[in-house]
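As written, the chains take the letters A, B, C, D, E and F, and residue 1 is the first residue of each chain.
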Amino acid sequence: MKIPMPTFNATTPDIIEIALEEDVGPGDLTAAYFCENRKAKARIFAKESAVLSGVDLAAETFRRVDQSVHSIATKRDGSLLSPGETVLEISGPLPSLLTAERVALNFLQHLSGVASITRKFVDAVKGTNARILDTRKTAPGLRALQKKAVLDGGGTNHRMGLYDMVMVKDNHLAANSTPSDLQSAILKLKAAHPNVRVELEADTLEQVRSFLEFTGIDVILLDNMSPEVMREAVALVRQRVTLEASGGVSLETVASIASTGVDYISIGALTHSVRAIDFSMEILQEENQ
Amino acid sequence: MKIPMPTFNATTPDIIEIALEEDVGPGDLTAAYFCENRKAKARIFAKESAVLSGVDLAAETFRRVDQSVHSIATKRDGSLLSPGETVLEISGPLPSLLTAERVALNFLQHLSGVASITRKFVDAVKGTNARILDTRKTAPGLRALQKKAVLDGGGTNHRMGLYDMVMVKDNHLAANSTPSDLQSAILKLKAAHPNVRVELEADTLEQVRSFLEFTGIDVILLDNMSPEVMREAVALVRQRVTLEASGGVSLETVASIASTGVDYISIGALTHSVRAIDFSMEILQEENQ
Amino acid sequence: MKIPMPTFNATTPDIIEIALEEDVGPGDLTAAYFCENRKAKARIFAKESAVLSGVDLAAETFRRVDQSVHSIATKRDGSLLSPGETVLEISGPLPSLLTAERVALNFLQHLSGVASITRKFVDAVKGTNARILDTRKTAPGLRALQKKAVLDGGGTNHRMGLYDMVMVKDNHLAANSTPSDLQSAILKLKAAHPNVRVELEADTLEQVRSFLEFTGIDVILLDNMSPEVMREAVALVRQRVTLEASGGVSLETVASIASTGVDYISIGALTHSVRAIDFSMEILQEENQ
Amino acid sequence: MKIPMPTFNATTPDIIEIALEEDVGPGDLTAAYFCENRKAKARIFAKESAVLSGVDLAAETFRRVDQSVHSIATKRDGSLLSPGETVLEISGPLPSLLTAERVALNFLQHLSGVASITRKFVDAVKGTNARILDTRKTAPGLRALQKKAVLDGGGTNHRMGLYDMVMVKDNHLAANSTPSDLQSAILKLKAAHPNVRVELEADTLEQVRSFLEFTGIDVILLDNMSPEVMREAVALVRQRVTLEASGGVSLETVASIASTGVDYISIGALTHSVRAIDFSMEILQEENQ
Amino acid sequence: MKIPMPTFNATTPDIIEIALEEDVGPGDLTAAYFCENRKAKARIFAKESAVLSGVDLAAETFRRVDQSVHSIATKRDGSLLSPGETVLEISGPLPSLLTAERVALNFLQHLSGVASITRKFVDAVKGTNARILDTRKTAPGLRALQKKAVLDGGGTNHRMGLYDMVMVKDNHLAANSTPSDLQSAILKLKAAHPNVRVELEADTLEQVRSFLEFTGIDVILLDNMSPEVMREAVALVRQRVTLEASGGVSLETVASIASTGVDYISIGALTHSVRAIDFSMEILQEENQ
Amino acid sequence: MKIPMPTFNATTPDIIEIALEEDVGPGDLTAAYFCENRKAKARIFAKESAVLSGVDLAAETFRRVDQSVHSIATKRDGSLLSPGETVLEISGPLPSLLTAERVALNFLQHLSGVASITRKFVDAVKGTNARILDTRKTAPGLRALQKKAVLDGGGTNHRMGLYDMVMVKDNHLAANSTPSDLQSAILKLKAAHPNVRVELEADTLEQVRSFLEFTGIDVILLDNMSPEVMREAVALVRQRVTLEASGGVSLETVASIASTGVDYISIGALTHSVRAIDFSMEILQEENQ
């Protein structure tokens, strides 16, 4: 048997409508007055090296503008692109191609930006067991797409939102709460939602040690610790729970963090500070000559 | 008389709902099981220097999660922030504050990122007549907010979308189109939509010169020209139409482009490659003690 | 080269859904119980002379009710129709044709009403330079469609809404505002939104004269002036800005207003007081005999 | 006991949002740059005699733009208005009043137009038993509001749509259908939907006579008959079913049609050819002086 | 002529989207990682005797998940099913079939549950003139579908909601209201809405008697009366108005209620207490071998 | 510290709008014509013993119909109710109370039905370690609400949908798939989504045994096994993974299943075959006398 690995397929019908509405609105004036109504072929290609994400969204954007437009993705999400490499071939009425162009490129440039920076972090920790995680620090309205782009870049998804995992931080606990209060809350949560994992945030080794006493803990977050302290935490925990490192991770520091033996390294910048990848659409030829 | 200058008030009811839906979804499990149901006060502050944008959205986000939450913006959009400076004070049930925290911060970090980089470009061209323009290279679903953030940073808005201005590029014109075809299209457009401005894209000085023959042209885009060629274009045009420079503009090159005498410099990176500003929420005190 | 002139293509996906929802709601009881489930052909035709608008919406309405319905528009929007002339041929299941009939006709009768009255005004000013403008006095929910119908009738579109042009009226200015306040506001607006045009409303010749001092004014509105005063305004302005006449325009008076030399005449009645054109659907033949 | 007669309260949350979206869109540029941010009072009044409809929608429109705006309706829907009479008093921030003004007036001018023409038809048939009915020939998206305006004008509502009553026309019946087929369909409909009324369209007296044989018929539509033939139909039917006259009804002919003794006269022009009533908003005074 | 009897076609585009959104959300993780991406055939069948309802919704659910899935309904809504009988044949990509399976079954099991219990009540009153009515006691969001399922089971629809019929209960009338107040309200209602039927709720024979004095009453509801009292009410009314029995009806008692001669028996349990019918999807074969 | 246990707060803004739209639609005709417009007080109470769920939805329903209605929940969700016990006190305009009544009761009767049957199963397994789980067999559109009602009844939530947990069934695996294929898929899933739990369905003891070899399995589903076989499975597994029993569970059999030592028992009938709890609204007094 070959179990295929289709990427996690985010259903995002609305964002395309929203993006077209804000760009096209009541109509494309340039296409209406300055564009020959002929059939054309075009291609979209990357102008720099990148990891592709969003090609299906780009294709669907053309279809939404005009159902008679046909397109073929020549690369799948997750592919490594060389400069100049075509990712989508499109044919249809020229005005429709030009009306859809910018929105399609906006999806590609942003999502491929996410996938590409993710890949750089993933490559930086190769040879260790650490995996690169995203966070909830996403662009409003684009979370599902950004998280899929993280997968396309070889990264790993943290929780989707507040509803599918528990993360307990300092602010959640009162100064006078006792360990047995916390234990009791964990057990009540697990009783009602047995499939939900629990993560606790630790700022010190002492906290890490105390958390190991609890039943029902799945992950401990090592928040803003130095690599040295992380290494001690790893030794302390000895794989009884999963460890996630977080805080101030950059391409320069990620390898040394990974070398401490933590299981996961979460990085907000994968989704909150995205550099767009440069894509372009080229009109190829006139069909009706 | 004092004519006040309220910033252009983008109405964005839906994006908050969308962002809360993707983060909170069917409910905040951590707040439900691990959070005291007491009143609390909190503040949101910048952890680095920045230009503020999105503070009203952040305030509204808390109100959408819980109508009993009160908040006061202590800074207005467009303000310069020092590290540590408070922008929003919030009071209400602690679980509601924690549920809304991430979405509110996601708006602030992204939009203030747009405003802050815009301000850097604006500062770099001070002393010239050039103004910094945004483009249509925006994050899907966030265009109106990003364009308002550009204003908060002292920038200038290009067209909102395809519907409120015409920009004619190479792709719009066929190889065999004559100048009189183009002139005829401009006049037809202006006849139907007299309030719509027309911009033509020029790649060479020769094109610039030929465009000056047309009636009804408002702007010429100088695409990817060197500062030297731009300077010639400025001399050629002598303010008969507006000139916009575009292509490969960076903080290093923008001043020399501005010095050529062009009226506008448009920069996709203002909105397509945003570095988030670091904001944080701090719980201040317990009220019910 | 032939640059085609496709009319400005308003994207109106939702209004068809809304109109079907309010007419069909939970189902068409008559079609369900009193209609043979056979294939049929039908045509829609005008019962009086008219200018056509809305034929694509009508065709799409049938498709929304039943994707197996096929239709061909035999006339394009903007065409002059004689009584009895067919505009749409439809074939498909008879119950679907009858369910969609009324909504399709409602679009046609209203929008062709807008186009037809617009054409009458346009014809009335032939031989002058004046153009007929619409206003923001539209039927709620139908603005984009009505404005396209004005184009179909040969008219010209004023601004789409409050967001794409500035019009300063008496109510905007305080009694004690100085000319320099107003000039300052104009310059700030143009700095942030260079593509936005500015129009000032004038009630007297004196106001017109004072407005000519301002930098950044594009249009002056001559509000409710007599043709004689308008003529003086035209002489005064000498094409330095565009002039729009407004107020109490009828088919009887429009020619004399146009003869004053104003550039535009705006008429609320094009969209706020529409007389429907009489269209009808005729079932042509049974296919399954 | 006093049973009050509140008018049928159409719930129309969405149309206000839609109308504001199309007029204000991403923001009111004039209010943002050219309007003092002071409190103001205003009133809306009719500039001609009319029957009021839509005053609650107008009030709600201001509230949607700015929840701090307060308004008081000084007249209720259905009231007769003299020229100059105030219908709504509003107070709040001046920019908000000006931003909402046009949409509020658009509702008032259209719906009061429906109510006013309805009242003219109702007055024209006074002294007879005939009642004035609306039809399904409504402006897309505005049916519920237009039908309430018909009630405000003293008219009577026909069915809301295809879902709440049956009307069988020629097109529904095949050439070879027998009376027993039709009778059978009526009984099946009534068995499944006992609360649904059945109307049959008749073009000739002969058809009227044959319809009287059926069980389960509630109304017969007399389509495009002369008053003489209608009078014969009334005599024939002797109140065994309800009679509705339809086709080519005008203010000139409606009285003679009513005098034939028919129960209802339906008129498409009440909603498909509406002349707007002229309403205006006046800023009353400055509060912050 | 053969007038066909297509069942009342409820248009329910949104509920399928809603149901898929809540089940699939950001994606089907099992299908993405554990499912061969091959073509497959499947069938849906009942595992117990039932009356079918919802088969078109089930088919459409598969199409919404993946437009390349094809399906054929082998039974129509309203059919009697034996255990094991196939109702839908489906072919398409296996992951799409498995993603859509649960939502499709959820529609079938619930709606066929409504149709099946309705049929039991209908069968129980065979031989009498009484018809089985549903009520407004429906599952939120599913009313139109549940009411169509009642028709599929041979039942009869009461009003769709508060908008298409009047039912006056005790709570509507004040203690001091007089019969002439009520008569006046009925006449005003009928004047404005002649197609709307009026039902009055009666708790005693005396009330029934008094209601017979009114003009414009269509139905009297006999609320929670014993069969003996109902029989007296039937004798009293002598078919001058329609009688509906209501309150505490079960499969055990419905026949004796029907034998009293009432026209309708309304039963909330048809829609508020539905037992699901057991349906299952079986993967039939691999196509790509 | 006291960590409170607020129930998992499902955000369900839309379902109330949907339910009101289908019941009230264009307006409540009875309230408009037959109801005094006076203030009134009312209470909602259970007419039978039950576990309460949905009281906040009911309160919100009244507020949506009329923002001036005030209500106080006198019982919280999860409370045991005796017959006659009040759960909600409401005051406001009588027409608004009557318009909202049915939708509010529809939420209460359905959700309390879910909570009440859940409680019966929970009580039946008291004294064992087994917990009662819901399934994805929910009423379309009501999943989040039904799952919260299961918690109110003391039950435990299984996954929310296909997106937050993996369950691998027979249909997912091809005949020729090897254990190493499956192991590889599990590891790939866990690499991308470390917080997602994996459940495998087993039909035989042999399968259970083979599943224990895998790394990364969290739960094994024992599908339709007899209590004897389940007991063997429990012994075999010795708590290395969690065990869920499923298939044909009733109030009669659940205790013996629980006694086998399985961790969870999942029951579709909690949500797919709900018997409504009888709630009623009583108008208490007139305020305006």
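We adopt the following convention: a residue touches a chain if its C-beta (ideal position, glycine included) is under 8 Å from a C-beta of that chain, and two chains touch if they have at least 3 such contacts.
Just so it is clear, the model here is predicted, and its values are computed rather than measured.
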**OP:** Please work out which of B-C and E-F is bridged by more C-beta pairs in contact, and write that pair.
**Re:** E-F
Subject >> Interface residue identity across copies chain A, chain B - same or different by half >> reply: same
Subject >> Rounded Å distance, chain B centre to chain C centre (Cα mean) >> reply: 32
**OP:** Averaging only over C-alpha atoms, locate the centres of chain A and chain E and give their separation in whole Å.
**Re:** 44
Original post:
Counting in whole Å, what is the centre-to-centre distance of chain C and chain D, each centre being its mean C-alpha position?
Top reply: 23
Original post:
What are the residues of chain F that contact at least two other chains?
Top reply: 1-3, 5, 8, 24-29, 31, 33-36, 144, 160, 163-165, 173-174, 177, 182, 185, 188, 193
Subject >> Touch list for chain D against partner chain E, complex >> reply: 1-3, 5, 8, 131, 133, 151, 156-160, 163-165, 173-178, 181-182, 184-185, 188, 191-195, 197, 218, 242, 263-264
**OP:** Using the touch rule from the top, collect the residues of chain A that touch chain B in their complex.
**Re:** 15-16, 18-19, 22-31, 33-36, 38, 94, 98-99, 102-103, 105-107, 109-110, 113, 136-144, 160-168, 171-174, 182, 185, 188-189, 193, 196, 268-269, 272-276, 283, 286
